[in-house]
Structure formats: structure tokens, C-alpha cells
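Worksheet for the structure shown next.
Chain IDs A, B and C follow the sequence of writing; residue 1 opens each chain.
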């Protein structure tokens, strides 16, 4: 057991440092947002100010809606693709991986400008365009998590077994595939939420208003309040994530532990 | 599954290239959702930008925009952008790699999953919320600043400012390190336990194993992850904009400025040329990335 | 060769609630190849890993050449190990892989190159020195792994199911090669497997393991013909259990008389004798000129041999294995005479 402890020590230290690194800015921002300089105390004034601001619910709703929409788009597009890749289309894996990485490395600015030129009508008239663009931005991560999740099970074998037992493709999808990627689907959802709440470039360049742009505008008049909101949005995503993580069973490690 | 292709003919009797085309068609069908989606919402915009960048304000084809790219003040901005990307990539890659290693090799399945989820969220945290967070924590009036002052470290009197190159690097690490963890973990995951055990039974100490086998195997993946970090840092816009309000010259910010004040038509096209220049840089970073990835795949049996 | 003896003394290991090894004792002579044979979960791999130093026992000692190595880390034990698969270093050529152990011992380059070439020749891959593992087939990789494990003349060679991941044909060939190589180098060897045929064909002695203990350790033929307990009897090969009565040093079985094996658990009274199918003689009534004591139930063609299932007078079923040509004499429903090979020694259990 002595050996076990010394092995875990670096990990524990690393995790502690990482947690500090993550939490410190978040915590500080939280503290900052709770300041009330006029009254020289701490309180929820800033939050209240924002929650009572006329369009708060409206814009929050918009961003949430967009997040959900883009998550849905991602699922519809990626699930069949990743499933197919793992069921026999593996020759094209390299191509798909390359495509999936492009949004990560291509400047978002370029994308935003281009969207305006390339899809002028759609971009001007329908806010849903944002859902699609957010989805594009999330593709790198969503694809990677989904692919890793599906690769951790012997997919081909299971699907063939299910088919052999008489399941049609729909049943296979719901009974075999979805349970496996349930946790990655949720991860993807949280990601799009974080993205939607933080995305500014495309939104502003395409002249739409979401929670983020609204916060930026409001911040001109109340920087504390704006910070309060940012903190609020980030923390809630985190809390949701942690709560759900507790309830999802992790997918097993690729390297199966040795028999003893 | 399907009958093995023993003969060189498909059912209709067409020669082998028929089945190859058949495979390609099947692939196209399966990949259609992704391809269509990306074409409309990614490739089309990109193409538009590229095409427009060659347009002068009279609507004719011109290289003028690109000529401007190589003049001041753009060249300085380009240099700063490249430096920022490189520094933040390196500064983030090392802790990220170490953390990824510790979690993959010693963490439980659940820990790995939680970390993956949180990293996904953090890696996509950018722009406005991130900027606000850091201003709130490490700004002049920030909570963390006060905390450090309380224990005797007055960072501002020592010359620290969030609105400098260094400050920006610090802010970037917040989403770059999680990105590194996500991108590098698979490589560590692929490091088989048998290699370490075999090396040890052959007489290698831990250090010898890493030196002869472990690091050589991980290095290509590390390098490609670094390239990815570089490309994404280079392209970052929202965070920089929210943080710098004009104090640091960066290419994405220039693009934003050009677009904001765009009364003059050809400034818009200049912005597009700049965007294309950025794309070229990131694509150049992707080429070695692909090459390294392909090589690394072969090794991870 | 620097080979020596290997001993395990009272080695115990448990994982959470399961006992993997239960006070295991094992003595291996110099140059001997002992197989650890058993079903999954019996502890054979755990034992091997403890010998190698990749795992620490909760109690007990590992001795090599009489010296206690239990406290030594794996890289100080001078043992060569071959894993089931994927253990070659992908970034090194075959030759560099083979030379690795020597490199770790700081041997000069010339010696490493020479020895590496020697061993590659020994395993039949002289021209593959500069190939990388991903360019080699499964069988070739295992050969390189073997060469790598032997290159530095280890005290003990450990093989963890090295053939399990290979195709049947490759497996059979490699099996003989490994044994030949082991005899040639005279290296004390432990071979872990769940395949009986492998264990029997290769070993000087076979240790059958069950639930963390050695059920029986003996030479292959002894193990086969005289299993010491129910588990071994059931695990190794097929076994008939035929009613018999012990009378003194003999036993009456199927109307014939056989000798009672001295190690037999039952030394008197009625019991079940353990008889291998190939030791059950079946004759047509015309041949034996005697009265029938069994009826043919079925016949299965197994290639060179065939299995005939018979029903005895008390209703129990036994099987007999004979050449396929002989089995043609029997059809389902025939009344036949069953007996055991004269002069055989049989174990009788309750």
C-alpha cells in the first residue's frame, strides 16, 4: 500500500493545482461580482440589478435556445458519421478528423465575415444561423468525444450481434448506440452551452443579439453587474456538469485491466 | 458480414474499379450530413472570404490588399500575434501534458471522464466571460490581487498588468491547458502498459524507459498537440478584444477594427485579406500536424 | 548459461475480496520448463507477475538460485519476460528491441549488434533486423520478443501466454521452436497458459492451478493418466467415471480386472474409477466371444480418431476414443463388450 500512495501523490498534487487554477479566477470573479462599492459591503445587488433588467430572461432564453439547437444539430450530424466510421468506414477516418479540426484552427473572425457574404439572406433574416455556426465551432470537441466514446466498445461486434438477434437499425441506434454515448452527448450539450454563453465574435459580426452581446452592452453601464452575469453563467454550467457527472456511469478504459 | 470480395467483379460483372467507386459512393452517402453541413456553414464562408480578399474597391481583381498586409502596422501585429500564439502554446502545453499524463496513467475511469467534461467546457470558455473573470480576479481591483496583497505580494507595484502581452498569455492558458489535456490524453492512453513492464523486466529503470521508449513515442503527439494549440491561440479573437482595448496590436483585432469602422469599402476587403493571411498561417501549422499524426498512428499498434 | 533454480515459498496475494494466490509453493529445477496451467482466474498470471517483480505478494518469497529476490524491483531481477502481445517497442527496430536488455546493462555497441544478430538468427529472422514491429506479423513479433528476452542470458525466462494471440498454425510451429530454444539455452522457464495441449507438449512438468493453489504438479503423462483429484481429472482431457469395486490391490471394472493405483483416494469398497477414453476398449460380440455389457449410443468423427459413446448396464454413459477405421465396426444400438486395457493402473474416487 505504500507504493500505491506514492504513485497517487503526483496526481493528487496535480489535481489540487489544477483545481486552484480553475477555481481561483472563477471564485475571484464571484467575489468581485458580489461587491457593492456604494454600500461598502458585499451583497447580491449586482445580480439583482441584472435579473431585474428588462431583457434578461429574453436574452438568456435566446442563448439557451441556441445552445440546445446547436447541440441538436451536432448530434444529428455527428452521430451517424461517427457510428459509420466505427462500423466499417474507418478508411475515411483521417479525412473526417482533419475536417473536424478545421474549425478549431481557422480564425473565427474569418468564418464570421465569410458567413455574412456567403449566406447573406439566411444570415440576415434568421437567428438560427447562429445555431449552425456555433455547431461548426463545437465540431472539433464534439467529434472527438463521441469518437473516443464509441471506440471504447467493440461496436461492430455488438451491432452485428444485435442485428443477428433481429433488431432493426432504429432499435440498434436506441438500444445499443445511444446508451454508450449518453455521457458524451451530455458533455457535448454542456460544451455548446458554454460556447453559446461565451460566443461573441460571430454573433456581433453578424449583428445578432444574444445573452453575450447583451451583457457586453450592459457592461458599459455596470461592469460589476456584467461580471456577475458572466460568473453566473459559467458557474451554473459547471454545477450542472458536476451534478450530472455524478450520475453517469463512466465508459470503461480502453486498456482492460489484467485478470488476476 | 458482407461476402468477401474474392473475385474482381461485382454482381453486375463490372471490373474492380467499379467496387472502388462503389465504396466511394457509399462513403459519400454516409458522410453526406457532415459534408453538406460543413460545406454550407464552413467552406462556403471561407471561400467567400478568400474570393473577396482579392477584390479592390472598384470590384476588380487585385493583389493590393495583400500588398497592404506586408506593410506596417500589420506586420507588427502579425509578429505579435505569432509570438503570442507561440508563447501561450508552449506555456500551456507543458502543464497540460503533465496533467494529462497524471490523469491518464493514474486516475480512475470516473476521474478521467469528469476531467474530460470539465476540460471541454473550459476549452470553449473564451471571449467575454473569460475576460471578465480575469479582470475581476487579477485586475487592479481584483479579488485575487487583493488576496495576494494581503499575503504580501503586491503584483501591481512589481509591474504586473493584465493588459499586457504577459497578461494575455496568462488568460489564454485558462482555455489552452484544458485543450491540451483533451488533445494529448489519447496519446498517453495509447501508451501500452506492456511497454513499460517489458522495459522494466529488461533492466530499465523508470528514467531509462522514458528516455528510450516513452518520450520518443509521446513526442510526436506532443508536438502535434502543440501545433494545434498554436493555431487556436493565433485565431483567438473575442478574448483578446475584451481584454486589450487597443493596447496590444493583434491581427484579429485589426480585422475587427476594420470591420467596425467600415465606411470605406476596400477596408472591408483588406480585413478579408488579413483573415486569409491568418488562415494561411494556421493551415501551415496544420501540415506538419497531419504528417506527425500519420506517423504516430503507425506506431500505436 | 547462467540459469539457476527458482522457488516460490508460501506466496500469497489477494485483490480486494478475492484470493488470487493461496500460500503457493513451487520449486523449479535448473533448466526445467514448468507450465502453469489453469482456467482464467486461477492465479497463474498473478504468480508469474510476482516472480517477475511486476506485482508484490502479500506474503511469501521468491528465490532465484537460493537468493531471495522478493525485495528487488523488476529491473534488477535478471529475468526475461515475453508477454501475450504488443510488447515490442514500436519506435525501435527488431534488432534494437532485441538489444534493449543489453543496452540497459551498458554493454558496448559491438557486442549488442553481434548478440542481436545471433539471436535473430536463432529465432529464424536473420533478415528482419532493421524492420519495425508494425512491419512484422504476430508470429514474427513474438519471435523477436523471445529473442529480446533471451539476449542477455537471464536467470529465468517467463512466458505469459505468448501464443494465445496467434493463429492456430503459427501457434503450433512457434510452440515447438520455443521449446527447442529453451532446451538449447538451458534456461529455467515458467510458461503460463490455459491451453492443455500446449502445456503437455512443451513442459518438463505441468502445474495445474485452481483458485490460487497448485492442484497437482507432475510430468505431463503422469498428470494425464493419474490425476490426483477431481479438478485435475476434469480439467485435463476427457475423463470417464466408471463404477468399480476395489478388492485388495485390484479393482473390478466393467467385468474386467485392473490394478489399483497406489495414490488412489479410495483404497477399498465401491467407487468410480477414472479412465481415459482411449483406455476404454470396445469389441464387437463376435470379437470378444463374450457377453455384452454395453450398448453403443453414438459415434462422432474427429479426424484420425473417432469418439464412441456407450451406455453401460447401470445406465451411465462413457466414451471411448479409437481410430476412425475401427469405429466403423460400431453403429448406434449395437450391443458390445467394453473393457479396460489390461495391466492398467487406475485411480478410484468415491
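The definition used in the following text is that a residue touches a chain if its C-beta (ideal position, glycine included) is under 8 Å from a C-beta of that chain, and two chains touch if they have at least 3 such contacts.
Since the model is a prediction, treat every value here as computed from it, not as a measurement.
K.L.:
Centre-to-centre on C-alpha atoms, which chain is most distant from subunit B?
P.N.:
The most distant chain relative to subunit B turns out to be C.
K.L.:
Using the touch rule from the top, work out which pair, A-B or B-C, shares more C-beta pairs.
P.N.:
Higher C-beta contact count between the two pairs: A-B.
K.L.:
In whole angstrom, what separates the CA-based centres of subunit B and subunit C?
P.N.:
Result: the chain centres lie 54 Å from each other.
K.L.:
For subunit A and subunit B, let me know how many angstrom lie between their CA-based centres, rounded off.
P.N.:
Those two chain centres are 16 Å apart.
K.L.:
Two or more other chains touching the same residue: where does that happen in subunit B?
P.N.:
In subunit B, the residues touching two or more other chains are 192.
K.L.:
In their complex, what parts of subunit B are in touch with subunit C?
P.N.:
192, 194-195, 197-205, 208, 212-213, 216-217, 298-301
K.L.:
Which residues of subunit C touch subunit B in their complex?
P.N.:
52-54, 73-81, 83, 85-92, 100-101, 103-105, 133-134, 145, 148-149, 152, 158
K.L.:
Name, in rising order, each residue of subunit A that touches subunit B in their complex.
P.N.:
7-8, 10-11, 14-15, 18, 21-22, 24-29, 31-33, 73, 76-78, 80-81, 84, 88-89, 91-92, 94, 96, 98-99, 101-115, 117-119, 132-133, 135-139, 141, 144-145, 148, 160, 183, 186-188, 190-191, 194-195, 197-201, 205, 212, 215-216, 219, 226-227, 230-231, 233-234, 237-238, 241-242, 245, 248, 250-255
K.L.:
Using the touch definition from the top, list the residues of subunit B that touch subunit A in their complex.
P.N.:
Contact set of subunit B toward subunit A: 1, 23, 27, 30-31, 33-34, 37-38, 40-42, 44-49, 52, 98-99, 102-103, 106-110, 112-114, 116-118, 120-130, 132-138, 141-144, 147, 174, 177, 182, 186, 189, 192-193, 228, 231-232, 234-238, 241-242, 252, 255-256, 259, 271-272, 275-276, 278-279, 282-283, 285-286, 290, 294.
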